[in-house]
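A, B, C, D, E, F and G label the chains in the order they appear, each numbered from 1.
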């Protein structure tokens, strides 16, 4: 991407009608560790790859509970994501206090997107550097949204964001037609399979991923590590034999994210995105 | 378009009396997926091309209901368009609450244009990067307006904006004299035909377009996909046979948007415009 | 006009004591489509050239009613002109509500000029890019003012602004001595003649121009198209035979505006000025 | 005047302790059409050269009444001058409302100067581009002040500002010793003579100048054109025979203002200064 | 690290989606003198290297008590760290005043992180240049957090920050599995050993380090120098024999921090970080 | 003085720890016409060189009365000096209204200095470009202070500021030991002698200088011109015979101010400093 | 120190994690005339070198009383130091009014440091350019703090800041072990000796230094000149014989401050730091 005079200020349009600063903020999402989401008629599952900065630390938390019926998985600048999660939490509390019913998911997603849009139109701010997969269940059913730094949002059947998410997206595209009527456990299995795709040959273990579920009769909660390991074992998901091939295939498909991935693999990424 | 020192700040005039930043924001409209509008004496029809980011997502919503008598189709930065739609919605609610009658369309359009103008005269803001086709029915009849990032608005019999809209405009110009007295269904048919012109050889299907109608006795609503497909089938609108020719003809006429289209076709457009 | 370091900020003086940004804003007026005004003792007539963006749209409105006794014709950035017209409308309403008499024209013109001056002395604003011909009738008689982006205003017997206005000014200068005692219809005729001068050989038709009148016993109103055509026919004003000569003569006199005109003729001018 | 890095911001000192932006604003005064003032013990006379933008317009007003006992003549940016005149008018009204006596001239002049000083010490403003000759009569006698963009003011027996004012100053210096005891009509005559000096060989006519008087028993008022012409005739002031010599002499003395004058002579000066 | 146009403003994204100013602020942490923390189920120990500016001064305080149950060790800009400690102190006081119970550690850490995040999204601020190890004990047990300039935070079993912290981290990684069930005194011993690793062959004495403890039944307090020396003697921790080897090994491992360390060793570091 | 990147913004430190913008503002003081002050135990005398812009004007006022017991002489930007004098006047009035006693001189001087300091620490202001000699008498005796643009102030026995002040300072240094016990008239004589030193061979006349006195039993007042001339005559102070030598000596000593002086001699100095 | 793009804005981090503007402000402290402080268990002595701008003025005041139990000596920008002293004075008054007890020294020092820190984190301010030695006695004993422009503070047994302070620091380091139990007069003697070290061979006289003392039973006060001279005589402190050697030794040790010193010796330092 060449450098130019239109890409240092978020309120400056390029001659071709682009806002480079917003596009650059979307790059930050691509560099975060992968997060995936998928939904059936009744359940939504969020998953993410755990990235521990070192053996000494717990991994960086990337999935947040917003309310009993809503949760969120993030990729990108964790601090931005946390601040936005808190905003969502406050909105849910205020709504249910006032109306005595849960905040509809779509409404929350729009508010979140509007908050992001404002940051793309003020010279003294910067766009948020985080993408959010919002999973929620309300009267209109199960929803999965993706909120992006540009202030846009999209509804998805299944989606993956973050570094090496292309492999997961490919997996999800092959499988998504069966998701609508899938059981909760099948969804979790597919979530684990999709996460494995982003691991580049590493073995899938409960310690390297986090899985959260929200569904009918099941408030949003993060599965504990033992449960996840049980499922991995039950489904006999292992990644060794496929790994090298997948990694090789991906390396040729998209060399650039690979670089980011390599850097991230070496140690602590500069800003924990 | 050459680069210069007058085009990075929205409050800077060029020596020739131009505001480049406003013109650049208008480029963003040209890069969004196409939207069209046309009206008879009693009905207004809005249409747009659906652009799904992937198989996994629903398409990006480009047509919004504002009130029972007003709707809007956008091209350009979706986030900006959504924020402006919400503004319009609020204005309509406040007006009808205060005056117990619907907000006249022309009045809303002026308020919208004034809001856009402010963003062209403050150094710490940027012009909105979205064009809006506002369809409304009030006591003075059926109206179709185009609101542009510069703070201008225009009343149209029929109009098309966004990428490859030139082909649709050409079609509409050939046909617009019959619109005034056209039936609702004829309008929808012309809308579908105009949308087909922007598809570059792709077959017109209900999944690739959205159609909305507002008219006498018919509040603003988006037609469901089945209805649209029925109409496509009924009108026997297909695009295969004409497609290649049209595409070839356009490719020579305006090569630049073509590039944008190609990029958009490859995957997720950078900012979903 | 050479480029320099003093011309990008409205609060920066050049070494020669000039404010380039204000001068550049005045260029925007020259690029708008032409507007003319002339007055007798009892009547003021405003006229402008209609510029439709395409066959599909109505032409861009360039003449606005402010109050029963005041109207305005603009050239330049339409959005800026509309915002200023609304300001004038509000001032008139407030005044007549408070004092139960119409706002004197000269007073309104000064307020308008002061509003424009503020924009030439704040670093975070820009000068308005529009010129306004203000026509008004009050106790002190008929008035025609020109308000310019610099915050200046001038009283005129007759004036023309916008692209190719020089030809109209030349016509008005030849004729203005008879205006004071002219009848209303003679004024309209001269307005039409002056407009024809700016058309570059195009035939004068009611569709290419708008005429508005305010006078003793005649509140400000825009003449309907039929009436205008009747007058054109009655006065036998046609432009074909003179056209080529006039165009040729002007082409040599001021080639630059010619270019602007050509560009405007090709399609939608970038910012509809 | 060479260009440097210290002259684009009004709050930046040059290494030699100068504020270039303030000096540049003072250049704007030199480019306005000439204004002169002179006073006796009992009367003050202001005069200025009328500059009509075209035959069609009345000339630009350069002399303003502030109160019955105070008036002002300006040279430079007319819009700035008008805004400052209005400020002075308000101060006079408020003072006489509160204290039931006219505002002393010196006090008003200081307030005006303080208002100008503020604009030389804020980064988001610019110095006013106008010089004001303030003529006033109060209990302490007749006063003539010159307020300059730098926030300074000076008391004068007689003074001239604006383009080609040097010739008028030379005339006034030759004659000023007789002014103190001069009659009102002698003052007016000298004012006319001084104005003639700035005309570069053009014949002095009542249409090319404006004269205003304030004195004991004579509230500030602008002389009507007939009266001025009578005086020109009575005093047999004509400029033809001296003109060429004066012009030639001046051309050698100060060639730069000459250029400005020439430009101004050709048509409308860019900002009507 | 190469220089570029995206790294001087905290609100500017680089094309690769990075915020360089935030990364640069994190460099400030690496240049501060080392701080370490480690925890068992019941106790948390903080330690830091004392850096005296000269013989004449007491050493710079790097460990602060926040409340009876919370303390903090900092590395980086001391002034920023002190201001943040005060903020934490205030939050604790307000919370316990309102709720009559101690502020949970995790909650305080999030508030601190949010405060830091704001400084990464405003053009007129800068990110804090300090890292904080927050040690706290509450109903959910013993906690050790690291708050970083980016607005992120991490929970750790044990961690080291600041100059030459890599050696301490290596030591802690070898040993951390035993920490959970370690006794208070074993923790202190490991803290001293980890600190010794950062000393580059210097003998560990009570004067060159500060140790603080918080645990069940033991409010946060800094151990007095005598106690620390006793423990050093009791544990027979000496660094001479290992020193040279460790230093040599480190010098080859990370030469850059070495430079920083050398500079710091020569005298007063420029900003006492 | 070389140009650099640290000298255009008052809030930017140079690498050597200097604030160039403050130093440049102090240059403005050196370019103003000279002002001197001296004091005995009971009296303080202020003097300055009158600089008339032309024969037509009275000279620029450089000495201001602040209160009965305080006066001020300025050198530099007159407008800044006048604004500061007004501030001092207000402070004196408010103090004596509240405490029914005169404001102590030292206290006023500190307030003035604090006001100047603020202008050296805000990016949107500029340092004042004026030096003030403050003469005052209060319960603690006679005082002479010098307030400088940097926000500093100094107490002096005698001092001179402005262009060519070095010669006056040399004179005052030769004589100051006798000032403490000097009579009022001797002080005035020394003031006149010191002023003569700055005149470069010009004859000392009452018209070229202003003298003000404040002392025990003698409120601050400016001596009228006749009195000054009497004293010049009585003391037989003349400058012709010494002039050339003094001027020659000075020309070699400080050639730069000489240039400023020459420019000032030719006409109106750009900003009347 | 090389120049770079990271050192003109106080809110910009360098890639190495430094804030250059803060470091540059610390240079200002080094260029001020020297100040020293030392303390025993019961007394604190402050001293500074007097720098008179000329024979005519009293020396610049560098030691300020804050309260009966606190005083301060400054080096650097005097105006900044005075403003901060006033802030300290206000804090002391407010505290003792509210709590009826003197403000503890350490608490005041933290407030002062926090005030300085704010100036290092706002783009529209600059760091203070002054270092403060704060001497105070409270219930916890005698204290000597050094507050630096970075917002840091340090407690010292004895310290010296400003130009040529290195020699004084060397002296104090040789002697500081005896300070704790020293008598008041011994402290004063050591203060005088330390000051002599900074004089570069100049004879120590009471006129070139200021000494202030605060201690048990002795409120903060500046010793009068006679007392200081008596002590100099009593202690037989003279500097001639050592001077040349010391100066020579220093010149080689730190040539850069020497330059600053030389410039300061020639006349008035640019900003009296």
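Everything below uses one rule, namely that contacts are C-beta pairs under 8 Å (C-beta built on N, C-alpha and C of every residue); 3 or more make two chains touch, one makes a residue touch a chain.
Computed from a predicted structure; not experimentally measured.
Enquirer: So which chains count as neighbours of both subunit F and subunit G?
Expert: Common neighbours, subunit F/subunit G: none found.
Enquirer: Can we say the copies subunit D and subunit F touch using the same residue numbers, with more than half in common, or are the two sides different?
Expert: Mostly different residues: under half of the interface numbers shared.
Enquirer: Would you mind pulling out the distance in Å between where the CA atoms of subunit D average out and where those of subunit E do?
Expert: Result: the chain centres lie 70 Å from each other.
Enquirer: Which whole number of Å gives the spacing of the CA centres of subunit A and subunit C?
Expert: Chain centroid spacing, subunit A to subunit C, equals 56 Å.
Enquirer: Let me have the rounded angstrom distance from the C-alpha centre of subunit A over to the C-alpha centre of subunit B, please.
Expert: Here the centre of subunit B sits 31 Å away from the centre of subunit A.
Enquirer: Indicate the residues of subunit A shared as contacts by at least two other chains.
Expert: 9-10, 26, 123-124
Enquirer: Starting from subunit C and stepping next to subunit D, in what order do the chains sit around the ring?
Expert: C, D, F, G, E, A, B
Enquirer: Please output the residues of subunit E touching subunit A within their complex, sorted ascending.
Expert: By the definition above, subunit E touches subunit A via 4-6, 9-19, 22-23, 26, 110, 113-114, 116-117, 120-124, 146, 148, 150-152, 154-159, 169, 172-173, 176.
Enquirer: Mind listing the subunit D positions that touch subunit C in their complex?
Expert: These residues of subunit D touch subunit C: 1, 3, 7-10, 20-21, 24-31, 53-58, 60, 76-80, 82-83, 86, 119, 123-127, 129, 270-273.
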